[in-house]
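Structure record follows, encoded as C-alpha cells.
In order of appearance the chains are A, B, C, D and E, and numbering begins at 1 in each one.
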Amino acid sequence: MSRRARLLVLAFGGCGLALLFALAAFRLPDFGGTSHPYGQRTLPNAIAHHTPNVISSINFDQRAFDTLGEELILMASALAAVLILRTVRAEQEDAAGKHAYGPAQVFDALRITGYALLPVTIMTGVYIVAHGYLSPGGGFQGGVVLGSAIHLVYLSGDYPALARIRPIPMFEAGEALAAGAFVALALAFAGQVTAMNAVVGLEVGSAVVLTLAKFFEQALLVRKDT
Amino acid sequence: MSDALIVAALLLTAFMATAVVLTRDPARQAIVLSGYGLVLAVLFVVLQAPDVAMSQTGVGTVVVPLIVMLAVHAIRRHHTREPDERDDS
Amino acid sequence: MILQIAVGLPFAVATLLAATGRRLPRIAIDAIATATVATLSVLLGLVLAGGDRTVWLGGWGEGVGISLVADAVATGLALTVTAVALCALVVSWRYFNEVQAIFHTLVLLFTGAMCAFVLTGDLFDAFVFFELMSVVAYALTGYQSEEPDTVHGALNFGVVNSLGAYLTLTGIALVYARTGQLGFVSIGRHLHGHDALVTVSFALICTGFLVKAAAVPFHFWLADAHAVAPTPVCMLFSGVMVELGVYAVARTYLTSFADAIPAEPVRVSLIAFGSAAALLGGVMCVLQRHIKRLLAYSTISHVGLLLVGVGLLHEDALAGAAWYLIGHAGVKAGLFVGAGALLNRFETVDEHDLHGRGRSMYVAGLIFLLGGLGLAGLPPSGTWAGKALIEEAGGHSILALGVTASALTAGAVLRVWLRVFRGAGPPHPGTTQHHDAETEFKLSRLPWTMLAPGVLLVLAGLLLGLLPGVVIGRAVEPFTHLPGPAPAPWTATSIASGVVAVLLAFGVAALGIRGRIPRVDLLHRLHSGHIGDYVAWLVAGVTVFGLLLLA
Amino acid sequence: MSQFLYLIPGWILLAGVYGIVTSRNLVHAVVCLSVAQSATYVLLLTIGYQRKATAPVFSDIKPTRNVVDPLVQAMTLTDIVVGATVTALLLALTVQVAKRRGTVDPDDLRSLEP
Amino acid sequence: MTPLAVGLPAAFALLVAALFPCLLGTLRGEPVDRLAGLILAGPAATLVLMLLAAGYGRPAYLDAAFIVALLSFAGSLVYARFLGGTL
C-alpha cells in the first residue's frame, strides 16, 4: 500500500478506536470510586495467610497460576533470545575492536563508581526479594535489580570481566530450574510466598542477565561474510 | 492535593508517551523512553502502587532502554542500504 | 488433582529440558518430549472420561482464586491439541540442527500453554496463557533465524499479535471495572443489560482472539508466519492454534456476554468477518505458487468458515463448528507434513519448480490427494460433517459460501497434487525460489517418521465424520446449555453438497494447471509484508467490529 | 467529569499505534508497541484507584480495608513482565532482520508475498 | 508544618518545576544533550518520590524512591559509556 492509503486506513481506524474508547470511558465508574469487590475479597485472605503485602499474596498465592504463566513467558523469551541471537557461522567477535572493551578505556571516576555501586545494588536486590512478602517489592523487582547489578561491572569498563562472571550455561540452567521450582510451588505447595519470591528472584535475575548477554554479544559482533 | 498530583502525573505521562513516539531515531528514543519510565514510576506511586512503580523502574528505565540501545548498536553494523553510514557512537 | 497434573506436566518437563538440554543426547530429548505429550493426552483422556468438572487452584474458592474448567469442549479441544502436538513431535524426530533442547522445550511450552488457555476459567489468566502461547509461537516461527524471510515473518507475526493481545487486555480492564470479576462465568453473572462500555469491552477482548483466528482484516500475519515457520510448527499453528482464537471468541460471548449483548449484532459481525476471511482466503489460496503459503491461505479460509459456524449462534452450527475444527486440524496438519516432505527433499516449495518432480513420492502424493479431498469436504470427512451442519443452520447463502471456500482451497491443493505428483500441465521453467531444507542435509530418502504422522492425520480427518453425532452434541453442551437431539449430518442435501464441492474443486484444479498461476496485483499488494499496513488494518478492523456491534 | 482521566490511557494507546503505522524504523516500531502497551498499565491502575485510600501493603501501617484495588496492581505487574519480554523478543528478531536484509526500514523490506 | 502537610504540595511543585524541565531536556538535541536531561531527571524523580512517601505518611514508599535512585543512576552511567565511544 502507498503511504497515503495507509494513513487513510489509519485515520479511519484511529478515529473509530478513539470514539469507541471514549464511549466506553464515559460509562466507566467514577474515577477514584470505592467499588472494588474483587480486590476487597482478597484482603482478608492475605492477612489470614500472614502476607502483609497483599499484592504478593495475590501474585504468589491467591492467583499464583497467573504468575506461573508470567514466569514461563519470561523463560520462553530468554530461551528465544538465546535461539534467535545465536551466532551462526561466519560471525565472530570483532578481534580488532576487542581492545576497546578493555579496562583501560574508561574514566577512573566511572570505574570506581561502578565497583562501589555493585555491592550496594546486590544487597538491595536481595533485600527486596527477601522482604517481598512484607514491604513493596518482591521476586520480580528484586530479580531485575540483581540482573542489572551484574552489568555494573561493565560500567567499570571491563567487558571480558563481565563475560567471565556470567557463564551463560549456568544462568540458563539456573533460570530453567527456578522456573521448574516455581511450577512445582505454584501447583503442588501453594502459599509459600517467601520461597516463591526467592525462586522468582532467581529466575528473573538469570533471565535478565541471559537476555542482556545475548544483546551485548550482538552489539559486539561484526559480520565477516560477504 | 492528591487529585492535582494525579492529574499532573497523568498529563506528564501522556506528554512523554507522545514524545517517545515522535522521537524517530531509536538511539535518541531510548533516552526518552528511559525518561518515560521514570514518569510512569512516579505516576504509579501517585496512584498508590509502589510495587508496580518498582517493577516499572527496573524494567522501564533500565532494562528495556538498554536492550534498545544494544539493538541499535547491533543493527548499525549491518546497515548496508543507508548511504550516510554514521559511526559516531 | 489429575487436572492440575495435566496442566503442570508439560511446563515441568519443559523447564527440566531447558535446564539439562546441553547435556542430554538428542535421542533422549526426543523421547522425553514425545513421552510427555503422550502422557498428557492420556491424562486429558482420563479427565474427559471423568465428566465435566471445575477445580479451584490452590484451594482458593470462587471469588478470589483461578479455576480450571474441564468441560467437554475444553477438554476435547485440549486433547486435539495434544494429538497434533504428538504428531508434530514425531515429525520433528529427524529434523533440525537442534540448538540445545530449545525446540522441544518450546514445543512443550506451546502445548502446555494451549491446554492451559482452553482450560482456564479466568479471563485474565486466559490473557496470560494467550501471551505465553504467542511468545513461544514467535520464537518458533523465527527458529531458523538465518533466513531473511523467517525473521521478517516472525516479526510481523509478533507485532500484530501483541497489539491484538494488548487490546484484549484493555477490554478485560474495562469489563473488570464494570463487574469487579475476572472469571468467565462470574462475569456472565454480573453483566446485566448492555451499554457502550460492555459492547466496547467485548469488541476489544475479541480483537486479540480474532487476530489469532486470522479473521479479515486481522489475517495478514498468518501467511507471513506460516510460510516461514518450520513444518512441525506449522502443523501446530494451522492445525490448532489459529482455531483456538475462534474457540475463545465463542467462549467469551457464550459464557460471559450472552446475557448482556443481544445476539443479532454479534451474529451479523461474526458472520461478516468470517465470510470475508473464507472468501479472501480462498481466492488468495488459488493465487499462490508457494505451497506453504497456499496452505496458510487455505487455513484463513477454513477458519473463516469456522467463525461463521460460531457466529450463527445456533446449537447445530456450534456442533458443526466443533466437528469442523477437529476434521480440519487433522487434514491441515497432515498437508503441512506433505509440504515439509517436499521442502526437505527438493529444497523448494514452489509449485512451478516442483513440476512433475514428486512422481516417485507416493506417500507424500497420497497426503496431498487425500488432504485436498478432505478440504473439499468429501463425505465422511470431519470437515464435511461440520460444514453440513453449519450450512444447514445457515441457509442458502452460507451453503454457497461453504461450497465456494472449500472448492477454491481444495482446488488449489489438488492442483498442487496434479502438477507436482502427477506431472500434469505444461512445465514453467525459470524463476527458482530456493529455500534451505529444514533438516541438516537435503534428504534423498524421507524417513518414515516424517510421513507416517501426515498419513495418519489426513486419514483421521477424512474419517472423523463417522463419529456419532451424539458425541459432538454432548461436547458442545457447555455452550448450548441444552441436551437437544444429536446433530445428524447424514442427509441427502449434505452429501450432495459435499460431492458438488469435490467436483468443483477438481474443476478449479483442472483450470489451474492449464496455464501459469495468475497474479491479481491489487490483492498481492495488499498483503505487502509492511508492518504499518497490518497495524492500520487491525485498528480499522476493530472500528468496524465495534461499530457493527453498537449499530 | 472525572471520567476524562480515563481518556489518557486511550491517548497513549493511539499514540503508540500511530507510531507503529508511521514508523520508518523497526526498532522505533517495537518501542512504540511497548508504549501502546503501557496504556494498559495506566488504564488498569486508574480503574483500581480509590480516593483517600492507600497502598494495600501493610508493612508500616495497620491492616485496613481502605486501600486501592490490589488486584489491578497484581495484573499490572504481570503485564509489565509480559511487555518487557515481548519487547526483548521482538528486538531480537529486529536485529536478525537487520542482519539478513540489511535494513530496518519497513518501506525497504521487500514483500513476503512472492 | 509537619512533613505530612508539606509533602504533597512540595512533591507537586518538584514534579512541575524540576522533573518536567529535566524531561524536556531529553526531548531535543544530540544524544549527549538528551543524556544530561536524563541524568538530572533521575534525582528529581527520586526527590519527588521521597516527598510523596512523606506526604502520604507511608515510609514503605521510600523503597521505590531508593530503587529509582539506584537504577536511574546506574542506567544513565551505562548510556554515558555507550555515548563515550567505548562501544
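Observations on the model:
To be clear about the criterion, a contact is a pair of C-beta atoms (placed from the backbone, for glycine too) under 8 Å apart; a residue touches a chain by one contact, two chains touch by 3 or more.
Predicted model, so just to flag it, every value in this text is computed and none were measured.
Shared contact partners of subunit B and subunit D are A, E. Least step count on the touch graph, subunit B to subunit C: 2.
Compare each chain's C-alpha centroid with the centroid of every protein C-alpha atom shown, and the nearest one belongs to D. Most remote chain with respect to subunit D, judged by CA-atom centres, is C.
Among the other chains, the CA centroid farthest from that of subunit A is the one of C. Across A-B and A-C, it is A-C that has more C-beta pairs touching.
Rounded to whole angstrom, the centroid-to-centroid distance between subunit A and subunit D, based on C-alpha atoms, equals 14 Å. Averaged C-alpha coordinates put the centre of subunit B at 13 Å from the centre of subunit E.
With centres defined as mean CA coordinates, subunit E is found 21 Å away from subunit A.
The set of subunit E residues touching two or more other chains comprises 56, 58, 60-61, 63-64, 67, 71, 74-75, 78, 87. Residue positions 6-7, 10, 13-14, 17, 21, 26, 28, 32, 36, 38-39, 42, 53, 55, 58, 63, 66, 69-70, 73, 76-77, 80, 84-85, 128, 135-137, 140-141, 145, 148, 151, 211, 215, 218-219, 223 of subunit A each touch two or more of the other chains. For subunit D, residues touching at least two other chains, in rising order: 5, 13, 17-18, 21-23, 39, 46-49, 51, 54-55, 57, 59-60, 67-68, 71-73, 75, 77-78, 81-82, 85-86, 88-89, 91-96, 99, 107. Pairs of chains meeting the touch criterion are A-B, A-C, A-D, A-E, B-D, B-E, C-D, D-E.
Note for the complex: subunit D touches subunit A at residues 2-3, 5-7, 10, 13-14, 17-18, 21-22, 46-51, 55-60, 63, 65, 67-75, 77-78, 81-82, 85-86, 88-89, 91-93, 95-96, 99, 107.
Residue ranges on subunit E touching subunit A, taken from their complex, read 60-61, 63-64, 66-67, 70-71, 73-75, 77-78, 80-81, 84, 86-87. By the touch rule above, subunit B contacts subunit E in their complex via residues 1-2, 4-5, 8-9, 12, 16, 19, 23, 27-28, 30-32, 34-35, 38-39, 41-42, 45-46, 48, 50, 53-54, 57-58, 61-62, 65-66, 69, 73, 89.
Residues 3, 50-51, 53-55, 58-59, 62-63, 66-67, 70-71, 73-74, 77-78 of subunit B are the ones touching subunit A in the complex.
The residues of subunit A lying in touch with subunit C in their complex are 1, 6-7, 9-10, 12-17, 19-21, 23-24, 26-29, 35-39, 41-42, 45, 58, 61-66, 68-70, 72-73, 75-77, 79-80, 82-86, 88, 169, 172-173, 175-177, 179-180, 183-184, 186-188, 190-191.
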